[in-house]
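Below are the structure tokens for one structure; questions will follow.
To keep things simple, chains are lettered A, B and C as they appear, and every chain counts its residues starting from 1.
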Amino acid sequence: MSGAIERPRRRSFAADEIARLLEGRLDASAGAEIPPAVDGVGDLASAGALDVAVVFDAVRGETARASDAGLLVAPAGVELGARAVVRVGNPRAALVVLLELFHPRERRAPGVEVGARVAPGARLGEGVFVAAGATVEDGASLGCGVEIHAGAVVGRGVEIGDESILHPNVVVHSGTRLGARVEIHAGSVIGRPGFGYLREDDGRQRRIPQVGRVEIEDDVEVGALCAIDRATLGVTRIRRGTKIDNLVQIAHNSDIGEDCCLAAQVGVSGSVEVGARSVLLGQVGVADHSRLAPETIVGAQSGVVGRVGPGEWIGYPAIPAPLARRAYGLLAKLPELFRELRRLRRAVDEPSSRDAG
Amino acid sequence: MSGAIERPRRRSFAADEIARLLEGRLDASAGAEIPPAVDGVGDLASAGALDVAVVFDAVRGETARASDAGLLVAPAGVELGARAVVRVGNPRAALVVLLELFHPRERRAPGVEVGARVAPGARLGEGVFVAAGATVEDGASLGCGVEIHAGAVVGRGVEIGDESILHPNVVVHSGTRLGARVEIHAGSVIGRPGFGYLREDDGRQRRIPQVGRVEIEDDVEVGALCAIDRATLGVTRIRRGTKIDNLVQIAHNSDIGEDCCLAAQVGVSGSVEVGARSVLLGQVGVADHSRLAPETIVGAQSGVVGRVGPGEWIGYPAIPAPLARRAYGLLAKLPELFRELRRLRRAVDEPSSRDAG
Amino acid sequence: MSGAIERPRRRSFAADEIARLLEGRLDASAGAEIPPAVDGVGDLASAGALDVAVVFDAVRGETARASDAGLLVAPAGVELGARAVVRVGNPRAALVVLLELFHPRERRAPGVEVGARVAPGARLGEGVFVAAGATVEDGASLGCGVEIHAGAVVGRGVEIGDESILHPNVVVHSGTRLGARVEIHAGSVIGRPGFGYLREDDGRQRRIPQVGRVEIEDDVEVGALCAIDRATLGVTRIRRGTKIDNLVQIAHNSDIGEDCCLAAQVGVSGSVEVGARSVLLGQVGVADHSRLAPETIVGAQSGVVGRVGPGEWIGYPAIPAPLARRAYGLLAKLPELFRELRRLRRAVDEPSSRDAG
């Protein structure tokens, strides 16, 4: 049925099957009972007898020993008593495998729902889903398996690659191209004309038409309620594999490198270059025309101006992290510093007052 | 009629009725004329002869004496001359009573409008309103008197308690439960999968499936364009009575206590705990795994890391407010401090240069 | 046809026509070949033989000489070799003229699309466009040439002046008036009830009804995903000609002067006054009841408290820029300062230790 949700079947796996899938070793020493099967993954606090749960490190050992989980997954060396445990090298990677195993992605069944507004000139690949209430304008092109959810708007001539998903109420303006497996979360606005004005002699601001493009490459994920503006001329580009959290702003003509990670509420001004594999933590701001080297990490709330990185940078303006940590830590000692300085000044300038002070 | 708006009747109250409702005392000394009735509440600048207006304190006394308001409400001790005044203990509380009196909330008349998309498997309580252009997916459950406005999307299996309101274009994803009298303002996105990736050896980021829930308890209000993400495992929780302003981000697995207040553009990272009755002012950022004690106040734009509160905290990173106010105030004196230090150094290191310096 | 897009015809202009339109001088010295015509404007990197491109200054001279653009536009004094150049006084203004020339604004053809929800009591001027999936409620009034795009919601009684545009999924609540030529970008929410509560003795927060208005004057542009709240009583006002970027918050009862510029992610608290022609850079926060003088510039991420301006202000809290630049620059030297101070203290307090230190 068009638009129906394909529910995954309930899945169940034996403990040794779990061990094999995690490339781990099933350990039931100390007389532990091995559950016949598990059919879910939970956190240590809420998992039950039919669930597997992951212990990241020894700090969580006590919580783990108190957990009702039927099967634990843990790195070597975490003491868990008489429990069925799959020992693994990387428990976080194991959690991802388990989550994917028990919660495979749900995809919408193909079809254009009644109430979807698809222009006659739009091209739809195999297996496309368009929800009721979504709009696909003339000349737009949707690759195979693309999902366009309720209230989303795909502007004239927009190209969207295979298996990409626009969640509800996403707006993709004309002049945008999305690669394959791009996911844009609810409410985001891609490709609105960038923010550029010329202040005239009478103080009024004249709009600089923004006629460039936005290109979002393969495997990019954009969070909810983000704004990525089209370029004045040329391209605003988000390169392959970059992940962007909610409420992020990316201004015209910026270029975000491959496999970057931008946390929530980050703001990137115009004509910025962010090197590959860089990480911008929450609420970071980047001034226009800044350049971040590949593999730069910018601490939360920091303000980047000019050329920074590689390595970790922090502060307002951002400076290398070791220095910033010392400097901002000393901020709280400024009152003490000023008192001490006054005392020294008296001691130096009026040596006679010294004993009296 | 389905979807029609129930307009409140125009209301009119005698001055002594107002005094009684405010639990105040009508004072018309100095020969002031008492208006026969008032039928609206205004601010001092724009209120007319048929309006009541509230004077908060003596600072606004002169504005109040110049006001055309037919009836004033004021605390004792504010000199207002020959005016009809209702004297009250708490003028701000009186304003709320007056606003509620003259502007009772308008509710939509029950009904599912033509053009609403309600799945056959959704359950609708008594008196529900669903606007044209709204979507309610399979298995969703709407309590009595719930309003779902145009463009809003209620995901599969979402539960919404009595009298809750989703404003236009709100998206509530599958895996979310809202309590009673919850109000979510336009454009907010609740329950999108949280932002979690594992960086692999080749630098690519692998998505950590986010399969937990969001629970928003009774009497919570969420502003426009907020994002509240679902947990990886477990729950992202907003507890009873908390109020959230616009453009706020709350990441996966965080827990916001009862009766908190989060101002606009606040960002709360993952696995944070905010204690009851805490107040986060505008643009505050909270690092992941931080813990705020109950009744913590965090100053605007501050950055919280680790354990803070109770009481007022300010700064980047946030420190107790009295210290922060002194320290940040001294920032502006750093240039002077450096100059003074250079002078002292010369005086100490080269005593002979002292008179020449 | 209703809802069809009026495509501009492809335009072509001779070089001397371009020179005349830019009020410049065509210079083809050194035997440069003048192209018979140009039919587009590009940036230096991507422009081809039929494009005109603009050189802003001498710094870009080398890029310009390497460009394939058939015609260049540049200020006097930028050496460009044997190229056809239009010399102009203000190259940025010339770019705006060229962009407008080759990319005239596209307007939607008038008409109410099938699937638009327009209440019988709404008033529509000449030439109005309402997209399928848009909602116009009772008593709303749309001036001539207004465009309401898909998913946008115009609340009961809202007034919108001539030629204004609401992009997809914009929500304009009841109690709002927009002037002429106002443009609101996708997803913004105008006129939601402001964020005001009264903390009661038991710690619960009682909503203060917000019954005022929002007024947005002529020629204002509001970016994507902005929130502008209605006043408690009175008006939240955005004055003529002001331009607002994406993800900006403006709280109840604030007043933003004429021709201001607010960059992305700015947050303005309640009852703030911003003077005309002020510029707030990205992520600035303004505390409630602050007053910014006309022609104030606030640096990115700064926090404004109280009365500031005119001129440039920076920092947290914002102080005059020359002082702030020195002070924040010295932050990185705090560790060194503390070390030096310790040394001096030893020298002063224990003179005998001096040579040993």
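Annotations for the structure displayed:
Everything below uses one rule, namely that contacts are C-beta pairs under 8 Å (C-beta built on N, C-alpha and C of every residue); 3 or more make two chains touch, one makes a residue touch a chain.
Fair warning: this is a prediction, and the values are worked out from it, not measured in the lab.
The angle needed to superpose chain B on chain C by their Cα atoms is 120 degrees, rounded to the nearest 5.
Two copies of one chain, chain A and chain C, form a contact in which under half of the residue numbers belong to both partners.
Computed centre separation for the pair chain A/chain C is 26 angstrom, with centres defined by C-alpha atoms. In chain A, the positions touching at least two other chains are 133, 151, 169, 187, 225, 247, 265, 283, 301, 316, 328, 331, 333, 337, 341, 344, 348.
Contacts from chain B toward chain C in the complex involve residues 5, 41-43, 45-46, 92-93, 95-96, 99-100, 102-103, 105, 115, 131-133, 149-151, 167-169, 185-187, 219, 221, 223-225, 241, 243, 245-247, 258-259, 261, 263-265, 276-277, 282-283, 300-301, 316, 328, 331-335, 337-338, 341, 344-345, 348-349. Taken together, the chain C residues at the contact with chain B in this complex read 117, 133, 135, 138, 151, 153, 156, 169, 171, 173, 187, 189, 192, 195, 197-198, 203-209, 211, 225, 227, 229, 232-234, 247, 249, 251, 265, 267, 269, 283, 285, 287, 301, 303, 315-317, 319, 323-324, 326-328, 330-331, 333, 337, 340-341, 344, 347-348.
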